[in-house]
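To keep things simple, chains are lettered A, B, C and D as they appear, and every chain counts its residues starting from 1.
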Amino acid sequence: MELDFTRDEMMTIAASRALGNEDICFVGIGAPSAACNVARLTHAPDITLIYESGTIGTAPDVLPLSIGDGELCDTAVTTVSVPEMFRYWLQGGRITIGFLGAAQLDKFGNINTTVIGDYDAPKTRLPGGGGAPEIASSCGEIFITMKQSLRGMVDKIDFFTSFGHGEGGNAREELGMTTKGPTLLITDLAIWHPDPVTKEFTVIALHPGVTRDMVQETCGWKVKFADNLETTPEPTELELATLRDLNARTKAAHSGAGA
Amino acid sequence: MAKFQSLKDAVAENLFDGDVAAFEGFTHLIPHAAAHEAIRQGRKDLTLVRMTPDVIYDQMIGMGMVKKAIFSYAGNPGVGLLRRLRDAVENQWPHPMEIEEHSHAAMANAYEAGASGLPCAVFRGYKGADLKKVNPNIREVTCPFTGEVLAAVPSVRPDVTFIHAQKANKRGDVLVEGIIGIQKEAVLAAKRSVVTVEEVVDNFDDVHPNACILPNWAVTAICEVPGGSHPSYAHGYYIRDNAAYLEWDKIASDRDGFKAWMKDNVLDATPEDFASRVSALRESK
Amino acid sequence: MAKFQSLKDAVAENLFDGDVAAFEGFTHLIPHAAAHEAIRQGRKDLTLVRMTPDVIYDQMIGMGMVKKAIFSYAGNPGVGLLRRLRDAVENQWPHPMEIEEHSHAAMANAYEAGASGLPCAVFRGYKGADLKKVNPNIREVTCPFTGEVLAAVPSVRPDVTFIHAQKANKRGDVLVEGIIGIQKEAVLAAKRSVVTVEEVVDNFDDVHPNACILPNWAVTAICEVPGGSHPSYAHGYYIRDNAAYLEWDKIASDRDGFKAWMKDNVLDATPEDFASRVSALRESK
Amino acid sequence: MELDFTRDEMMTIAASRALGNEDICFVGIGAPSAACNVARLTHAPDITLIYESGTIGTAPDVLPLSIGDGELCDTAVTTVSVPEMFRYWLQGGRITIGFLGAAQLDKFGNINTTVIGDYDAPKTRLPGGGGAPEIASSCGEIFITMKQSLRGMVDKIDFFTSFGHGEGGNAREELGMTTKGPTLLITDLAIWHPDPVTKEFTVIALHPGVTRDMVQETCGWKVKFADNLETTPEPTELELATLRDLNARTKAAHSGAGA
């Protein structure tokens, strides 16, 4: 089967569809940023995008390379200090959706972006958690996007940078958290929801052209599939054009600068 | 009372071997020129604090100036990992380095508590996170009204903080605009502070009454260094040099290449070189 | 998402008997029109929170609407005492009123903690002060790093906060400028918020990037009430009516005189009356 | 003896002389505000005046009626939020001098502005402490101004709104305070310093035309006088003109508004 869109594009567009006009999103760089802005430019024009650099209600014309690009401030409703961002807006419980990526992810939505190997003698020292530990606990719910790989989707993560559903079940409630935690995982191959009881991520839809085997081959745990497995609707012309235009504008803007 | 002086003098008078130092900036207004001057002056045994240590901390670590790093996200923003920092942590090159790692929320609260003269910051954080298992400076306090257990971290109180800002006026007041990050708190939390600015203007009469201004008596030294945050940016002056951040990933990937680049671009350079580095990046509005 | 509506509807939909309510403003931008509407609607058993309860709280207390007051400075600013509040505390007229008294630092921190979603605020305060002997909501926490004993107070989390601001834009974002006081925190700490504004403008495109703006999704209701903070003032619109504050001292000195004035100027008045009250006070710049 | 200045004027001018160019003052309304602004308009042009409403480095042309008048913001270096004022600037230890007034004052500089009588059944309910409890503990030192009266200067205050030197001696150190507390009391009759050891306020200078008896008659405790009792220098022409011009401008501005 020949696709006229890439798996990356499908991942971003599927993520954008999960966002609504009323959402207040804490946006990370990369796929989450693209998904949030595609949502804003298509079905959710009034969505509020917040970047942890302090920009609230931003509407960038091109995707930022970092979470603190000037474009974010230029187009924001307001820009606040970083302590205010983390105290009033994140800890204050005002963010409906936090977007996280992962170097390592387990089936309960726990995330590692700190180290591969032992913390004190790491095989690979990763950047660390940044805002993730409190994004994971303070946002109303968490969406995760990542490309599938055996290295990334693992049975046991090396370090709990941010807490998803722990060992599953009521782990969050037991820690006193009142937020939902990871409610959605969108990979380049599928859409996953946590099981209502066990909280294990379960594939509920395969992207067009993707098979169960393809999902299992790139995932380090035994994958559960929903009984009524669906197929993710293909990107619409509008979605695809919006994403591609955004990426083209972004590339032109970033390569034009400096060097 | 802020003293106008050269960056060389300001670094010599305010940064000492063994200091706890913060060179702050949250993507925007990162004080590259100040960090390069510190590198030229060869300071040692520094404890560097920063939410987002990036290229300049990678440089100082690679040059062997850093005893310990306190941080919450060590990455080359938008690009990837910090290769000199990794080499220090993974391979102890050029020497072993201690790390104290927090979350952004913790660091932001810790600077805020430092600016507020408090010994610690109290917030809701680290729930279910492993950092509290490996960082003994993450502790707990219990709310005396609800019984809720909250996280506590020590406040950040640097010996000296360096920031870059858009403007000072002739009285020595400093204006920061746009993504203001944690700069105000980092200055107020520190015993001493050095601010590099794009320009010195007569007055701030046309500035918004609630803009982020540090009065002259809250700042130790001011140095006019146009372009002083390159390849970071100064809102209203020049844009971010994204290509330079991408390039850093290559430069830092190799110890010898790193050292050669540092010699040419830092050790043999001056604060005045920054102005020409941003000439093609000046905003045309 | 902020709803544009009449002040009458906004008060009816957001303030209920028994609520914990804050009508905030620190000398500047005091929401007189909103308080008068609350008085006309005859709410009862309110717990009123405010750093500086002044004329409007004196009025609500005198009208018998207030079960409890939580505050840090109860005075007619620049004039003297609050006579209706005194009458309630000293003589239980029109009925007994409970008070919970703090310092400004405590209240400011308590609002800040409320806005931050925390159960309590921790600060260095009340050293040697008798308030902690009479207020059981002043407690202690110990810094887990230094052992220093710090003060703790419960965060302020009103059911509803009323503020007055200069402008809203058509999307419902709210701009506060000048002496911004505790308004942002009071709104963010509350479950619901009603903002009266001097005017609604098309957009905030020309507003400073770091100005104090409440996004439309952080506000419940917006009511355009020109002059709505009189005799307080709105920076950029009209100046403070100092004479009215002096006059209040006389009006409030006598129960009958107070009741007569309230009938004429509040019960029988409307939000629209505020515009004419400030006509002579409009700034000519 | 005929004076060409009033006792109030002498009090304000004497207070203004205690302030220097390098001082960062937390200013209250009334006499402190006048004293600080006379200092600014005479010998201390670079003094920094801070009002608790958030105005930092303000230079009002007329005296504010309240601590939050628009004039303060118009002329300030910057205006911050009230939580920031109390956290970063006051608690942060940046204020060199706090000015306090008092309804009741004792000889150790302890102040009551809360209640006369019992707290739970007060004879007179006063406004309360406002910023005073933490001004008293966080500022480098405290200056107190008040008019003398038997009702105001009392042997025992009814309520410790703010702590001065407690029962004297090392009371502050024992509470863990590192600031100096009250170092100066300026009344309409005299200048008082705390005794270095006991911390009891001692008259070190009488204003021109004032006798020891006049001071004692209007003070509720047994007054101590310094061995080398001095006379406060009379207001200079400049000081008096500056204060009177300021008061005249203030009166004109405030009576012009409204009514």
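Criterion: a contact is a pair of C-beta atoms (placed from the backbone, for glycine too) under 8 Å apart; a residue touches a chain by one contact, two chains touch by 3 or more.
Since the structure is predicted, the reported quantities are computational estimates derived from the model, not experimental observations.
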Reference chain D; chain at largest CA-centroid distance: A
For chain A paired with chain B, centre-to-centre distance based on mean C-alpha positions, whole Å: 28
CA centroid of chain B to CA centroid of chain C, Å: 39
Cα-centroid distance, chain A relative to chain D, in whole angstrom: 57
Multi-chain contact sites of chain A, meaning residues that touch two or more partners: 73, 79-80, 87, 91, 138
Sites on chain C at which at least two other chains make contact: 112, 116-118, 123-124, 148, 178, 180, 184-185, 209-212, 235
Listing of all chain pairs that touch each other, if any do: A-B, A-C, B-C, B-D, C-D
Touching residues on chain D, where the partner in the complex is chain C: 29, 52-55, 64-70, 72-73, 79-83, 85-87, 90-91, 114, 119-120, 122-134, 136-138, 159-163, 166, 171-172, 175-177, 254-255, 257-259
Residues of chain B touching chain A in the complex: 26-28, 51-52, 71-75, 77-79, 81-82, 85-86, 89-90, 101, 103-105, 108-109, 111-112, 123-131, 134, 148-149, 178-182, 184-185, 212, 231, 233, 235, 239-245, 247, 280-281
Chain B residues touching chain D - in the complex, by the definition given at the top: 1, 112, 115-118, 173, 184-185, 188, 204, 209-213, 215, 217-218
For the chain D and chain B complex, residues of the former touching the latter: 22, 24, 48, 56-57, 73-74, 76-80, 87-88, 91-94, 138
Chain B to chain C touching residues, read off their complex: 116-120, 122-124, 137, 139-146, 148, 150, 152, 154, 177-178, 180, 208-212, 235
